[in-house]
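Okay, so chain A shows up in both of these, paired with chain B first and chain C after.
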Partner chain A sequence: MFAKFFQGAAMTAAMAIAGTLPAKATDLQFYFPVAVGGGAAETIESLTKEYMELNPGVNIDAVYAGSYQDTITKVITASRGGNAPQLSVALSVDMFTLIDEDLILPFDDFIKTEEDQAWLDSFYPAFMENSQTGGKTYGIPFQRSTPVLYWNKEAFAAAGLDPNTPPANWTEMVEMGKALTKRDANGNVLQWGVRIPTSGFPYWLFQGLTTQNDVILANSDGNQTNFDDPKVVEALEYLVSLSEEHGVMEPGIVEWGATPKAFFEGQTAMMWTTTGNLTNVRKNAPFDFGVAMLPANKRRGAPTGGGNFYLFKGTSDEQLSASVDFIKWITEPEQSAKWTMATGYVAPRPATWDTDTMKAYAKDFPPVLVARDQLEFAVAELSTYQNQRITRIFNDALAAAITGQKDPATALQEAQAQADAILKPYRVGQ
Partner chain B sequence: MTRRDWIHGWLLVLPAMAFLVLFTHLPAITTIWNSFFSTPRGRRPAMFVGLDNYERLLNDPIFWKVLTNNLWFALGTIPTSIALAIAMALFVNRRFMGRGFVRMAYFTPTVLPLIAVANIWLFFYTPGFGLIDQVIGLFGYGQTNLLGEPDTALAAIMVVTIWKEAGFFMIFYLAALQTIPPQLTEAARIEGANGWTIFRRITFPLLMPTTLFVSVNAVINSFRLVDHIFILTGGGPDNASSLLLFYIYETSFRFWDTAYGATLTVVMLALLCLLAIGQFFFFDRKVHYK
Partner chain C sequence: MTSLDRWLSNAAAILLALLWVLPLIYAIWTAIHPAAYEARFVLTAPLSLENFVKAWDAAPFARYFLNTFILVTTILIGQFILCTLAAYAFARYRFPGRNILFTLVLLQLLVMPDILIVENYRMIRSLGLVDTISAIALPYIASGFGVFLIRQSFMTVPRELDDAARIEGAGALSILWRVYVPLAKPIYLAYGLVSVSHHWNNFLWPLIVTNSEETRPVTVGLSIFSTSDSGIEWSVINAATLMTSAPLLIAFLLFQRQFVQSFMRAGIK
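Take a look at the complex of A and B:
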């Protein structure tokens, strides 16, 4: 923490000195969040340093800005105060909020050559869904993820199941879950069948269930939600039934942060969590584990998640061009491969997976490919105007249903009514 | 000479006044002013909307929920932590082996930042492998999910707050206890008073100035302490453990609805002013000053 502070201070001082020199350098400020453990911050800093060595005319001040939530708060505050950074990584779902605040620029203005256009077209379409609206591209995928199912092979074998076959659909997940749930003589649970965490941002994993039930939660203009769709209600009923009816999942709100630990401790035989935890699980699981796509229902499906690069208004064209150049460089296959291996985030371009580095890594550790293969079935993460508030309403409705305060249909109808009231002004002129 | 005096007086309060005005009064007035406008968004500037924000507040179920929660939170934490503080202070005011150690143990939670405290308690509360579940598991009880159930989430948060606050209040009581002249208790003993009568008739009344001070602080803290909510529950499930200040933070810095955030803040300011005035004017009469 302090080291980072002094490093930052030293960098600022260095920049101040550089500013007085006649040779003019382009100064960029770059905010980045860290949402997973491991060496994420170090990797970003070393990549930035590498870029500066290759481009002596550019000075990048990489500022660690906390969690995703902290980062967006800092970016908006700085922009309102007239000190916007040139570029920042922030949640892809905050795109509409940033547009609404009139803070970001589309990348299209900086796409001049065919080569540039080819770069823009080279990302997985599933990731671009959360990055484009109204025919313009506002975000470049960088630290992107998707939820996957992890299962404990030893627990499967102990329960008499095939350790190499994860559940393929909803029914199988319940059946296997029943076989895997172990109770002591008093009826107290020793091991749950499955764990779908529901604290903090339950909408994300729940979106896995809705997608599998073949329904989309919000339109691509970000001004209409489908929370009360019968298929959404059905998905929520399924989630609630896991604890209430089938008794294969811990009742009440299930903590997100404690989920990997519960998996390592044998408290649960299967868990749903982000692929960003892959390296963590690989290092800490004391048993043989498997990684699979989320089970299917009407179709396969999962949301995408994670952060994009954004370009901020309020600085010179020269600085913005330099920023775009940096973003292009850092999303190149070699750099992107380093990033994926350090964290477990899904490399956002097919080209990265074709590099020798990634091929070797995937050969050694095939589970990394699961998230990539699931992209084919992935949809945009729930994102609307006033995103934080809308997702909060939705989260509250899910929590109310999970804790049995409201039945799923009522909770979702109320949430839809509230969302409609907030999104109404954004539907004008359509 | 008298004229000089008031200049002198004003000069003496000037530094404190300047900071108070700059960091307390001006922001408060700006907040009240902002609550009559709409939230500016990038494309739409703020507009004067009169009392619209207040109307919305009256119709906002979450506002009423967090206000009720805050009331329960205050009722649940203040008397308990004060009673606990007096009990602990009376205990460590006596002479016994290891007194210094016990005093330190009681005071430790105060020294820890609330965020750290919340992380410790998060481990206690974790279902399955948390401390509480491990301990009750030994007696054959099953898993609990105190933070994940709407009926227990707020109570779980209150326990953390009491644990954190009681030691801090104890210090004030301990200091007050040591200023009570021992002759009074000795005289009472000679008259044949038992321990409880001494406490009720002598010690407690003489502690009243401290109780006033502590209770004012406790009331303020019950509206001010929300750090642990960020770590423990995030206000959930379904706002069951959300408090007024936490809701203000979310509205202003997560939803960026600054005008509504200002409106909520005005309510909180008014509430705190009322409570402080009430405490000083009504409670004060019962306080025995020397």
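Take a look at the complex of A and C:
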């Protein structure tokens, strides 16, 4: 046992030394997280394999790196330890953190021809908002999502509503919610009207409400938040009123992970959740369901979410060009279509939707188009410098208001003051 | 003790045991029934092993089990050898700087391993060991807790035994092997249990320092079920959890009496 252990150690040491010699093939290491079920990891691995068959000179080691949170920990540790991967998928909102840590490179250095530039310009602008800052592009959209509204058509019909008309605005959502909320003789709720999950990262779906109320949570430089804007307060008051005043949503913190299940079992007639759930709902909902854009208020609106490709510092230009080439290939319409169909993520380029594969898929299952059409109204997900700390502060403020510990205005003012204190150093020189 | 007293304490014990075992029962329930019965407890629900098949197919678990097994045995053997030798020195030898060194060992107990991740990674990389099982094991082999625990138990061994063995002509290592180690057996068993279960469940460090299927432990395989964006499939997650913790559970049930006895003797809980 022990002899084997040392033998293994000696061998890997020898291999590592050999590895520092210039190799003929270009070796790339690629970290990816998995945040949805349904064989996402296998799809990435098979796409990578396909690329290597087409490009024999390139060898890509695709490494599964856990959740988004684990991936960012792994990639920062490896970079600090002098062993950065060439490319990685990580949350689009981690852009400022990665810039702040001085770990990533802008793609602009590798954009040489007009064709390259055209590729960079071919993504939906809503997705690029989270990928660019200071005039440079740091992220290429890949596994991106946006929240949509799912509704149970049978429950709508049973409540005397038109099963094909989802709520178009905030008022309608409350009115329909009231019609859909069913109570037994003792006043216990059998079916809620709507479910907006607020556990874990409540800021994301809440950002749907703030966007609909026509306010942006953070500027594009990532150093200024608007948490105490009266319109943000109004949005939070609306969210709280759904349970407190109108009684159409379960009170308290609503679990994210349990939401699809609650929808399938008829505990709620409508739910807000990511498009990443589309395949799951299609497979498991025992009734006819519909997918719609989130209801509007002052305007339509939703945040985007999900992960981008990043390029990491610390390796040769040759490896980095090869990485960019790979990213270009995997975001091409055909590959992107495979990825979207396997996972439910929104294809990030209009061209993908024009492929025959996607057209056939959309014809067979029209709800996939809702998320794409909503992109026109979508804004960047909340992202700032010190993103983890800022979103934590904001989430805590939301949770305090939802559980009734603080009123919305006070909670948000306090959050804004804390965020200001953290972001101040990043405003120098502007 | 009156019979009422006994009855009360028995009832309390049963209640606590039930509370403790409830999550496990729920896990077993969801794992052996189709997903539709996750929250519906009907005795006539159809039994099915499909969840286990799904979970097993989701990741190369056979390889992961082998890796975890190699990992925990490597760590355990390394810890036993290193900690025994260090504990013997600290317990029975007087040498300059002994107290300072022992304080340093104890200080290690206060440092959270997570803080050292970047430093450990650098060290592993400079040794050229990234993506090996040795890399997962190395940072844990010199265990401050182990040294402390075994030293305390060696200190309780009467000097007379030591002296008697010396008169019989035994050398230092032979005394350690024939006198100290046998007397500390319960401690080794208890420490081994803690070590194995801790490293069996460790996730973050293995995930960071390894990249390939050939080196990753079961916990990394388990993590693919925590898909936060889409919904959670409790039945498959619970099947996977039961599967990965089964070897430990079975081992504990088999050796239960020895474990409990050794814990009682060692006086740690």
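Here is the rule we use: the second predicted complex is superposed on the first by the 407 of 430 C-alpha atoms of A that agree within 3 Å, B and C clash if a C-alpha of one lies under 4 Å from a C-alpha of the other, contacts with A are read in each partner's own complex, and residues count from 1 in each chain.
By definition in this document, a contact is a pair of C-beta atoms (placed from the backbone, for glycine too) under 8 Å apart; a residue touches a chain by one contact, two chains touch by 3 or more.
All values reported here derive from a predicted model rather than from experimental measurement.
Chemist: Check chain A with both chain B and chain C modelled on it and let me know: fit or clash.
Modeler: Verdict on chain A: clash between chain B and chain C.
Chemist: According to the stated criteria, A:389 is in contact with first (chain B), second (chain C), both, or neither; which is it?
Modeler: first
Chemist: Does chain A have more residues touched by chain B or by chain C?
Modeler: Touching more residues of chain A than the other partner does is C.
Chemist: Between chain B and chain C, whom does A:41 touch in the aligned arrangement: first, second, both, or neither?
Modeler: second
Chemist: Looking at the overlay, does A:145 come into contact with chain B only (first), chain C only (second), both, or neither?
Modeler: Touch status of A:145: second partner only.
Chemist: Would you sort A:217 into first (chain B), second (chain C), both or neither based on which partner it touches?
Modeler: In the superposition, A:217 touches no partner, neither chain B nor chain C.
Chemist: Touching A:280 in the superposition: chain B (first), chain C (second), both, neither?
Modeler: Touch status of A:280: second partner only.
Chemist: So in the superposed three-chain picture, is A:258 touching just chain B, just chain C, both, or none of them (first/second/both/neither)?
Modeler: Once the two structures are laid over each other on A, A:258 reaches both partners.
Chemist: Between chain B and chain C, whom does A:83 touch in the aligned arrangement: first, second, both, or neither?
Modeler: second
Chemist: Between chain B (first) and chain C (second), which does A:399 come into contact with in this model arrangement: first, second, both, or neither?
Modeler: So A:399 only meets chain B here.
Chemist: So, A:61: does it touch chain B (first), chain C (second), both, or neither?
Modeler: Only chain C is touched by A:61; chain B is not.
Chemist: Using the superposition on chain A as set up above, list the residues of chain A that contact both chain B and chain C.
Modeler: 73, 200, 258, 261, 265
Chemist: Can you tell me which positions in chain A touch chain B when the two form their complex?
Modeler: Touching chain B from chain A are residues 69, 73, 76, 97, 99-103, 186-189, 199-200, 250-255, 258, 261-262, 265, 267, 386, 388-389, 392, 395-397, 399-400, 402-403, 405.
Chemist: Flag every residue of chain B that touches chain A in the complex, lowest number first.
Modeler: Listed in rising order, the residues are 41-43, 126-129, 137, 140-143, 145, 147-150, 233-234, 236-240, 250, 253-257.
Chemist: If you look only at chain A, which of its residues touch chain C in the complex?
Modeler: For chain A paired with chain C, touching residues are 1-2, 5, 8-9, 12-13, 15-17, 29, 34-38, 41, 61, 63-68, 70, 73-74, 77-78, 80-83, 145, 200, 256-261, 265, 274, 276-277, 279-280, 284, 306, 344.
Chemist: With touch defined as at the start, can you tell me which chain C residues reach chain A in the complex?
Modeler: 35, 38-39, 73-74, 77, 117-118, 121-122, 124-125, 127-134, 204, 207-208, 211-212, 220, 223-233
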